[in-house]
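Note that chain A is present in both complexes that follow, paired respectively with chain B and with chain C.
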Partner chain A sequence: MTPSRAFGFLLARGRGRLFLSRSLDLLPSQGLFYTHGKLVAQSSKHYSGFSRELDPWKCCFTPSYLGVIEGLKALVTVNFSVLHHRPFSSASTSTKRNPYFSTVSLDDVRHFVDILGHKSVIQDEDRLLAANIDWMRKYKGSSQLLLLPKNTEEVSKILQYCNTRCLAVVPQGGNTGLVGGSVPVYDEVIINLSSMDKNISFDKVNGILICEAGCILENLNSFLANEGYIMPLDLGAKGSCQIGGNVSTNAGGLHFIRYGSLHGNILGLEVILADGTILDMLTTLRKDNTGYDLKHIFIGSEGTLGIITKVAVLTPCKPSSTNVAFLACNDYLSCQKLLAEAKRDLGEAISAFEFMDCSSVEMALTHIEGVRNPLPTSLYNFYVLIETAGTDESYDRTKLEALLVRSMEMGLISDGVIAQDLNQASSFWQIREGVSEATGKAGAVYKYDLSLPVEMLYSVVEEIRTRLGNAAKVLGFGHLGDGNLHLNILSANYDSKILAQIEPFVYEWTAQHRGSISAEHGLGLMKAEKIHYSKSAENVNLMVSIKKLLDPKGILNPYKVLPQSLLQN
Partner chain B sequence: MTPSRAFGFLLARGRGRLFLSRSLDLLPSQGLFYTHGKLVAQSSKHYSGFSRELDPWKCCFTPSYLGVIEGLKALVTVNFSVLHHRPFSSASTSTKRNPYFSTVSLDDVRHFVDILGHKSVIQDEDRLLAANIDWMRKYKGSSQLLLLPKNTEEVSKILQYCNTRCLAVVPQGGNTGLVGGSVPVYDEVIINLSSMDKNISFDKVNGILICEAGCILENLNSFLANEGYIMPLDLGAKGSCQIGGNVSTNAGGLHFIRYGSLHGNILGLEVILADGTILDMLTTLRKDNTGYDLKHIFIGSEGTLGIITKVAVLTPCKPSSTNVAFLACNDYLSCQKLLAEAKRDLGEAISAFEFMDCSSVEMALTHIEGVRNPLPTSLYNFYVLIETAGTDESYDRTKLEALLVRSMEMGLISDGVIAQDLNQASSFWQIREGVSEATGKAGAVYKYDLSLPVEMLYSVVEEIRTRLGNAAKVLGFGHLGDGNLHLNILSANYDSKILAQIEPFVYEWTAQHRGSISAEHGLGLMKAEKIHYSKSAENVNLMVSIKKLLDPKGILNPYKVLPQSLLQN
Partner chain C sequence: MKILVAVKRVVDYAVKIRVKPNKSGVETSNVKMSMNPFCEIALEEALRIRENGVASEVVAVSVGPAQCTETLRTALAMGADRAIHVDVGPTTVYPLSVAKILRAIAEAEQPGLLILGKQAIDDDCNQTGQMVAGLLKWSQGTFASKVEHSQVSQEDLDLLPVGGTLPDKDIFGIIIQVLLDKEKQIATVEREVDGGLETICVDLPAVITTDLRLNQPRYATLPNIMKAKSKIIKKIPLEELNVDLRSDFEVVQVTEPPKRKAGMILSTVDELIDKLKNEAHVL
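Presenting the complex of A and B:
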């Protein structure tokens, strides 16, 4: 009964109740979960395999041991199945290692030990392996050195040294990214911020939190909940992802429609530049018009311009009531109109506005155990999930009901139901969140994450459906309120002919309609060479100039975000 | 009865009812207002002088004629008095003209006529005079050329030419800035965007507006009101200021507490770089994580990095109900606690949270005609004005009342009243808005616009009061909800001894407490050399590097924002 030394991520998302094990010792074959040698949870199911990808419920087990065990809170029963490794054409990279970069020498290691101490300079193979692989096991680097700085000065000293020595680095937070941005491509030194996880201050009057970059999003949320506030972002990966990584990747998430972009919510940052300069922009002021607002350059730059070490966040008050409605619409135009009506009637009370087409819902109903159709009398062309969050349960509910009655009278809604309790609300969310999971069970899947103007967001689904005919099943769902489409294409097996029908068509179509080929996941390694589909040459050139200005030697997270051909000129 | 060819700004702000004449022919001595030779309004009062400064009601008349008559909507009766010219020490600049810049030649003028046509190349003395002076008549340049481009391509051609010829330019919108940012310092070519005032598109589902930079804020708001939306910012100068200028200066305004920074509300920009490059960042996507989000560099850069030509804005739904409460508190701590309670109970319904100390209210009551104290039984140490905006009049009111009852029970409020109708709400606002106006009547005034952490925002008022003793009257008021203090210091006459007691103390104090010496007005010419009080050397150095990267010849709005010594190295 000694647990195997296995490393595990387990992110099981129930709306508002996130259960997480960041890293576990486990005996998955017996459904037993240990941490620090102690049994912390027991699953009702036993597992024949190790891994499963489940989006936004994400589970990944690797047979190696990370060695960092923390943040464990609780655990729900989650069913595992074997992870299907699904190489995407877009994941492949033809990038060569930049020969300009040095390789880590024994002297380098000794120097880092001098700066950080032995415990923070990791060369252990198992721990390195875990840090070299992303949680999807889609990207794998070959770094020989993992550094765990404990404070700003240590990060500064590391970068100063690496810059002088031309040692490339990859900043790493919770390593929950989806585009290979947080793992090395070759032998870059990994700088993991997880040891910098202190809350520095909280201003209760204004709801302004200052914390270190390695703080885990869920921990911050738990801390804030006691103060009557919440973080302005919520992600499936909240139990593992770190706020520094969230800011570096400009994470969107589930409450984007309500609280907007991090560019509006982040008040200040402390960033270490490539040469070790500590850039103190850690203001907590809501208004400050003294010169250029430099922090915004770093938000969403995916660690290629600097390493974020501290963050000041404006946090919203915690809503005390939540309502969820699950609705059916006959056509996409009705979904759009319903969005407009909901925005008008509910205003800022809307905390989510999600949509799914019929195929998506069917997929979830067919493949996800325990998911039931709350509108079983008929199958409709589209489904919409609306969530509101406010401070007055009965008032909020009355407003939502009034909207639904009116929308039904207007013919926008064909059928609908409001959750009577948290369980029912959760079961509605299960359908929406189950779609992605279901696609993984149905065969090979080609996934795209697009931003498009709402009025044409579904057209790309229809066009691709026409292009592919019977060769594949095309699903459209996502965050309608944010104009964010998840386009999933399913076939029995991976097929280069099908892929050729999709790409570059989907990128070109997105570009033609001024959309974004990456709504919220960033470019990372996966789409660095595809940036021109969403950004003009003038934009990309300016980005390259800024990259060269801030990181002349290119040591920060190389091969990511920008095309290599432009950077290595 | 022929009207004199006088140029007028008249911004009379009544909350929610803004009456504006952007440019008028007038016979002020007879109270008659003309535009295009037509009588448009008649005042009940006659005027012996031309001008008056009235903040946030701002009126300024110059004896020259701007020649641009547009945006006229209606006019309220406004009393005028003679504008007191009040030179600030901080307005003075020791900057020398950069000898590297060319001067405008006849060939240059011919070239601009070729690009723009005769009508858009202005050399008329009267019109130049108006464009060379800011509305406060505090800054005056000596430009010999005013250009009025009609589209993006014309702006691009102008800049391309100016960059080649080393001709410095000043981008100008509504010229309503407060720090000398929108007028030339020497002979810079003025590029006024007022001819670019087209609405390009409006997405009714998502409330996304695309328009040209020269659109006047109030006109945009009027357009949106018909669609059920509002602009996410509201300013005293809304009748004249242009959205391009708002974005360039990262304007804050009255609804900042509700809708936040423009960094969160601006979705896309089109910007012309110094060399004429058209940088198309005009996305309307809410989510787009493809590379660095470059638009943020230009928001708040005060025209020193590029000229904004088009803007995409995310607009909030129009609230249908407004409530205003006027409250008295015994001490500053109670004001702070009340803010926390209001944020908790009213959440995002708060659309303003303003405070005034006793001296400020007394000043308004003494000097502003028609202003009455709604809490006349006693004078209190502090007053707070809370405004809520929502969609349900009675519900919103009930919530506000409940907050007030509870806050009274907690001892936070000593007295208070909720406006019973729009007139009463307006009369409450008159007190708050009258403070600034009243200071202008009371003698010499030294004005500071500071951002500070809320808990110490009032301490600087107390410290300066102690420093100055009986030598001056010290007033503290402003946008408490945003941590934005207006510090006004009044004495009988301008006195260098008093000034020496205030400066650099006020800047140093602000710096010590990590505040901002410019909360919302920007640095412009007035505070370019004072940036180090709010930004570290590392920050300023990076700003200078970015300025040099984007505008190597320094032709864009020279002498502004950044210290000249760093730029001309």
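Presenting the complex of A and C:
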């Protein structure tokens, strides 16, 4: 019996099980539970553990077993009060920590302090904890080192060093990702770009903004608003998400239908490769057909091919007039027809087309404060939010009203309201943006982000509803204009039985209809092994070759995006 | 009974305003304009009184440039029955002129209630309602946070001693004596004043100006927007009303308030004393 197995055996017989990750290779096949109590991770660098027991209990490690494990504390007191059962999915994947990666040593820390200065090298537990957990509180890593570089040269030096030392790194921005791509899986060094938040330049004539990757999206929007421009993307997380992360994940957002993908709006990037090479592609030219356009490889690569440090964005003019309408439809078919009518009648003025089903709106109204139902007279099955943006308010308003009046006469809309001032408009948006926020408050949530043909978009919601019955609440909402469904399944607790009903059914269904299992959220850790549902083997193999070319040691954001089996060599 | 509601078209509440470079006023071109929020509350109150069956018609009136018709369309979409637009062109009109115009309209329309917002968010004057009540010699209930309209029934009137007060458990504070004229009706207005809440009874016809907590205005739903297209907006030219728009004062300059300086973090008490003495001049 190996020491680790013996240890596991002893623990299992105790009044509860202490799960240890890393050094012992004692990875549970099921999720670990994090409860709102004191974490077991003491100052020991080599383990972090969680207890599954509901009762407060004390766990003592006898010295003989301690001898096996380097640096464990002798006595661990754990006190728990369970508010939620939340498995940290980081350890629930079958990936083991790659033994090829080194662990951070004191020399490494000293080296980083030399490069960055004391203030930018963080080993403080509280700040590490915040950086180790993702926004949904679903993924938790155990990094012991957080670095805050202030400029490109520092990032380059960090990566150069990590590459020679074979230290895995995780590039991190606002940490608002929904697939666990922004937090470490094990003890990867976190390189957080929040300190790189300068606006470098703004071309007022063409609306081309150059800024560092750590700039928060909302701040960029405020800056641009003063100049009469806006960012081409807008998402619910804009108060925290950073442009570098948006580009790395090729974020879509609410105005995708109007301004298109970041592939079209990003004119240039500055990227640091795995070995520290600074790749300067920071052009502000609209047209440049000299050679292969490399920046597109990095847009959407989720930090696995390079760390983005500067971005050149083409910003559209701020529309002087926006009109928002909140509409109710009786069935999904009407929503589809309304989309077709809207695209035809509103033409270039349309800037958002979102849909929510009845349960999503109920969720937002219940959990978000200060939000009231614009159509309180009855509960409808589907709600649609249409926004137009243009330069002439009355012209757009007339178009919108004409569209809505006709749609009402055709029976596509049962009822609706048009916002009469900016406050009403933002309250409609609050409902739509609040749905995601509200799901986090309801307990456990399983989020899926699918791209499907518009006719099939809602069918998957209905199928999942039938499969789960009363066990969970299913919400469907999303960017109908882009064919992007956000499927959220809410239950009181995380439950593997519910998960088994959802996955792999949802992925198989999507693959069957030639959809994408990740429309805009990315693969991250959550869908790292699932790429084959949406991409053929040849595609994936070529991706693996590119990854190995740009990052031969595989230190950039490991265990994510591409299947581990293909990357091991 | 008819209710007349005066609405004003102002810069939208959520817009960040800027002063024009020549300091003559606030930038209003290319800026989103909507109905004054207090006027929305006034209109909502009028609609509720009509829905309670006490009034028969709600008429919206606006004094301003040609684009006021958009604001009046919103009023009609919210549920007003018809609208009146007094076009004064691009000149700014000040409260006294507006009050004179409203007096003329009220004398023509003979409403039982004239409801306005307590102030406009662009000039914050808070004068029009009080001025028009003075000009019309009507009673006024300003800063209304609750309005109840009661009809004195024949029985109650018969029971009242001459010059007596109406026993009503809801009324507290000052009660104005009710005249025994059987046609007269009263409105009970709860006002937000500096000292708290004051409840008064006012004879009708009366002017009421609405405060923020009176109600939450409804959204303009599509069916109502459609109906509003067929409702009339009557244009009354200024000449017909015999009102002199000449203002008694002239705006000389409009400037932004001085920008707040960022705070400083000091490291010692000595530094603090030094700054208080030499920079802030308070010691």
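In this text, the second predicted complex is superposed on the first by the 410 of 569 C-alpha atoms of A that agree within 3 Å, B and C clash if a C-alpha of one lies under 4 Å from a C-alpha of the other, contacts with A are read in each partner's own complex, and residues count from 1 in each chain.
Keep in mind that, in the parts below, a contact is a pair of C-beta atoms (placed from the backbone, for glycine too) under 8 Å apart; a residue touches a chain by one contact, two chains touch by 3 or more.
Note that this is a predicted model, so its numbers are computed, not measured.
In the overlay built on the shared chain, the residue A:Asp114 is in contact with neither chain B nor chain C. Within the superposed three-chain model, A:His263 lies in touch with chain B and out of touch with chain C [touch as defined at top]. After overlaying the two complexes on the shared chain, residue contacts for A:Met543 are found with chain B alone; chain C is out of touch.
Look at A:Glu125: by the touch rule set out above, it reaches neither chain B nor chain C.
Legend: residue contacts after superposition of the two complexes on their common chain; A:Leu404 is shown touching chain C, with no touch to chain B.
In the superposed model, A:Glu462 makes contact with neither chain B nor chain C.
Comparing chain B with chain C, more residues of chain A are touched by B. Across the complex, chain A is touched by residues 203-207, 228, 249-250, 252, 256, 260-261, 263-265, 277-281, 283-294, 296-297, 299-301, 305, 316-317, 319, 336-337, 339-340, 343-345, 347-348, 390-392, 395, 399, 451-455, 479, 482-484, 514-523, 527, 531, 533-536, 538-540, 542-543, 545-546, 549-550, 561-562 of chain B.
On the chain A side of its complex with chain C, the touching residues are 320-321, 327, 372, 374-375, 393-394, 401, 404-405, 408, 413, 415-424, 426. Of all residues in chain C, those touching chain A in their complex are 12-15, 30, 32, 34-35, 37, 40, 70, 74, 77-78, 216, 219-223, 225-226.
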